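Below, chain A partners chain B and then partners chain C, in two separate complexes.
The block that comes next holds the complex of A and B.
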């Protein structure tokens, strides 16, 4: 009988609560036979008290001090017996020095959340105005790890086969036109899995779903009076807990189960789940921010501070987590292991990841221990690790992020090059060729799988807006249009904003198709932004972080209105997934190493074999030899891609195929719907095999078989 | 309304009738009935819930417990559930392992 094990009897009693010295590991609150084990670290505190609440109660039901004999090293550990664990919330009070110049912010009047809290109450329903007099806002709760995963496990899709869809959980289905039962939730997303499957993507990258506070820095727009919330959530309250407000069952405290159910069902449909994780800073802000957790537990350990005790601000949001402090490294590692093991997460995208490579004084490290540790961790061994390889402190490491054979990067240079090419800028063909080949100039040793190729992401214009606005239009953010990037490499196609001119609109549609076609025939890992497939607009707003409204939501009526675009995306994604020659793990060599008579990739201009690498060139074509697919291990069709970013039509002459083979038209973005793209296998034969005219600003893809 | 849970077992069919509001304070009573049914090797567990007005996360947890305790060979039926009961079950993905019936259908349950 486990209940009568002799090592689980209480040794102490405090105000009727039965206690025993706890286990220092694991950190956090853990269900143990007969009770709950609480373990929390602080190196500078002088004492610690456990504070217990009944769920939602304004005042605590108990405050239990950790006896001296309950401390091991710098860890306070205690088991409390007979707790009604489904009905309590807990926090800590820490006593210690208050001396901000030396980095210490202890204040025993504050109740602090456990950094390892697995479920967090307090913002149970999205947007419900909190009681600002609450003495404990973000309340740690206990989790019962009894979810039935059946036979689920992470999918481990090879990196080169991924097609990533970056999305916001709430924004995806919050608009009533989504027609789901629980709009704006994990469940709403679950209901839309058939849509994602039909689109053809095989990975969703979820913008932050760790518990955050949508009311952090909430404010009224100075002109419109509209309430602006933290919609995006790049500001973590709890690293181990899913955002309750994203769950229809948040009001029951069942957000963990709801999220796991979503993940299990995505996996069952062949779709991986990647989390956008924010370890560079927390929601506690700067000197003026609130006490939530770290600040009152061990400020000097958790944050990077100036010699005068102020918060360094490499994140642009007030504070910087001290990621290469060994203690903080531990919590980051524990967090990622937890999500991998308990939530079956397939990969992580690290927001402002360059901060993770700074030392405790903020200087960039040549060999950052945290990045190395994550790369070699046994539990994280198969998950994808993707860095946003820059930070707000000026460190820009795209192409040079410490990779340890594991890390991929958001390739910002891919985005910039393709945008400028599409709008028709000069002097781009040489660089474009590198980007199409998976950026071997940047990732020579790491292969194309180090390059996450994207043209749009949550930061910046949507794809429709990229071709509808020359200038950002962020007035709705209430910051006088000063926020957001002003350098977008965008082009409005002749009219700023929404247009009724059919010529402008058809050019925009064509540019969107050119963009996604180029993305899908590039080596590397493509990522598309939620809604781009349906021509989603943010009306020129390129920084919608504070908009829980039409600016941040997916309008599902667009799926019908722009059905031809959606269909184009479906077909071009399927085209990529059907052709292994587009998805090489290793760099192309530009040589023939299988004896096919053709190099794996060859470059062409309007004339076969005569690429024009001059500054003024706005025509480029390439051919992939199908016999070189996957390093020659697989036979595929030959693929020829011709790109015209010139303002007039041009004749292109594709190379001659081996005898017996013919060119077929897969894509011609100049053509109208129905003839712009053909489903794989039903491409019509090109009538004149050695010539095809490309309309102005258009793309043609031929398959040779 | 006060919570009540009663159990009757006929021909190895365990029928548990739940009424009132099932929350954390009373979930243990429900759990005990499940354990009794399992101890008597019921071949099906039937939860009669038309009189159940509310189920909290603690109640849902008991369903998870029941499912894991009895194994895959035993079916769990939920009979007469109101929307406020089916909704959280659907939202947490438990519906796949439970069988929902509007009324007690002997042909299905006692097959």
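The block that comes next holds the complex of A and C.
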């Protein structure tokens, strides 16, 4: 930087603080030569004051008004010189109308957090009880974004090659059995990278890691007295700041560096990082919620309000961010650009994303500008954009989310169909075939890569519980078992809850294997839930959002106890990653377009070439022609998958292979460990080539080569 | 924060005492950078450093970069466990060679 800049000296002084007019861009607090530039927007405020604290101090050390000449348009911008930036916390007071009917909530007695705060103090150590008398809870701080990424960049793994692992940062290693140095932190996760690599996944999707308040709505359970916290964090306090309490170094304010170090090392191990982001609402709640930031800065701009001035509640959590207001669009875009550029994030999964497509009165837009803008943004050009394509206001857009050639969706219909099939419901074969092919009925033009296939996710039962409970068991949440979804398509395999019956337990293990096998041979992008590979249970609780305890933590002793399950997951994930024919970018055609004599996919029943599409059918098989892999550009083995969801054994007859090739057994979930799945390349030849018996509720995968 | 230095058998010995944070980091930089010469071999005694802020870590990395750019070597001696852990979690540790004592540090240097 030239040392001849002429704007690095103060022009004003206020109570000893040296000031000058700041630059309105970028928003937030930025270190500039000699000082800090503060810039904040409000369209309805009449004045703004910068409030400075020494770190952790109860009272401010200074309150500096923005002079009139420091405002450009609706942006207050000021440079303050000679600030000890590491030891400062800052906030704003805004004056303006207080008139809730008209949407204005200005209150200059409140100190408000900068919406662009890059680091936020106040909840530095997870679970440490806050001082409720604190006049400023979530405190904006300053950092330097100078992390040394060396050669790292986002991995840009092709969508069709992804295997996503959805996880909770704290829940992953908080349990002492994780044996990590810093349990429940970014650093703890970093220590477990070898485990993830061995599992074979290539993307971790982190449940919310933006700063949130675990004490929001904290309460004692009415019966047990246990303290219930906001463990999941689907309630953002600051969109630009990583959760301090998830960092071992949060107490030193080093959470940004710790998270970046984790991301860099995941990348070095071939694992992408996707963030679960919550732009549909904030932690400020409804009329009774606290002032944290937006409410006191420009309520009417940031939230969708009813004509009477109340908060619309499309999110089910009190308020709704006004995502298609141009100002809010701007902050969402700035936020995602920031995480992509400064944290090398590989993708984003948008919680209740349909809200992002509502207009300023809440009505769904046919062509939502925010979604379009994100899809075509130059910095976001290679990141994955994944929508949870529904909201709590009744908008359900699975299959029809405005995609602009970019957006993928959590495919809730995949989950529902596969669950029903596995438990043995009828009238499913036709729909199941669509789901296995990457849901061409839903994503005809978008291809299978628009479909994030999953059977379990954080919302709902774990995979073990899906086969252990008919009914949710959410009593520990203190809401009389009224919370959480009651419609789970689950089946307990003959006994509700934990069982000592070996028959029940072996059926559960088999169902878990059937589930993950089906997931890994489906076209589209598979996602598995943290711990499912080790048979993790939540004892039937399907909504553990408030549990920072065994209900929310991964018990690592299960990895040893259910070693055969873990091994099955490792092998079946590797099977998917070894066979390009399972990972097509474009839809299968059910035709032979390379002259192999076989269609790219062919459907079968117990007899080859005779699929039974009737309502009662509980047997289905398909074959993928290896010469059609990736549109015929790649040669792969032939793959035959037979699925029996009937309560008795059935003989299946696979199609005949081209001469010289033989069927080999890759998977038979009826068999016990050691024979249930074989490593890629060492599958034994099927003794009788034209027949194989499938035990009740089991899956067989053959490879032809 | 205090910084002491002397040269012994071709090794620059530096000792830092106190807290390295935003207010002392630039002083640390001013004291150490002039000691860096071509092929310089430096040991920094961290035994008496009780706290290292984010700015402190950055200055240490900057020093390490300056030294390696001039074909020199630097070893940190006697990091306290809490600082060691914070440097590990934030990724700074991997840029440094470590030793428990001056003698061990000299060994690390000559390797």
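FYI, the second predicted complex is superposed on the first by the 701 of 705 C-alpha atoms of A that agree within 3 Å, B and C clash if a C-alpha of one lies under 4 Å from a C-alpha of the other, contacts with A are read in each partner's own complex, and residues count from 1 in each chain.
The working rule: a residue touches a chain if its C-beta (ideal position, glycine included) is under 8 Å from a C-beta of that chain, and two chains touch if they have at least 3 such contacts.
Everything numeric here is computed off the predicted structure, so don't read it as measured data.
Superposition model on chain A: chain B and chain C are shown in a clashing arrangement. By the touch criterion defined above, A:258 reaches both chain B and chain C.
Residue contacts after overlaying the shared chain place A:354 against neither chain B nor chain C. Looking at the shared chain after the overlay, A:143 reaches chain C, while chain B stays out of its contact range.
In the superposed model, A:86 makes contact with both chain B and chain C. In the superposition on chain A, A:462 contacts neither chain B nor chain C.
Of the residues of chain A, those at positions 84, 86-87, 144, 146-148, 182, 187, 247-249, 252-254, 257-258, 260-261, 264 touch chain B in one of the two structures and chain C in the other. Residue ranges of chain C in contact with chain A, taken from their complex: 21-23, 53-55, 57-58, 61, 85-86, 88-92.
On the side of chain B, the complex with chain A involves touching residues 24-25, 27, 56-58, 60-61, 64-65, 67-68, 88, 90-93, 97.
Against chain B, the residues of chain A that register as touching in their complex are 55, 84, 86-87, 144, 146-148, 182, 187, 247-249, 252-254, 257-258, 260-261, 264-265.
By the touch criterion given at the top, residues 84-87, 143-144, 146-148, 181-182, 185-187, 190, 247-249, 252-254, 257-258, 260-261, 264 of chain A touch chain C in their complex.
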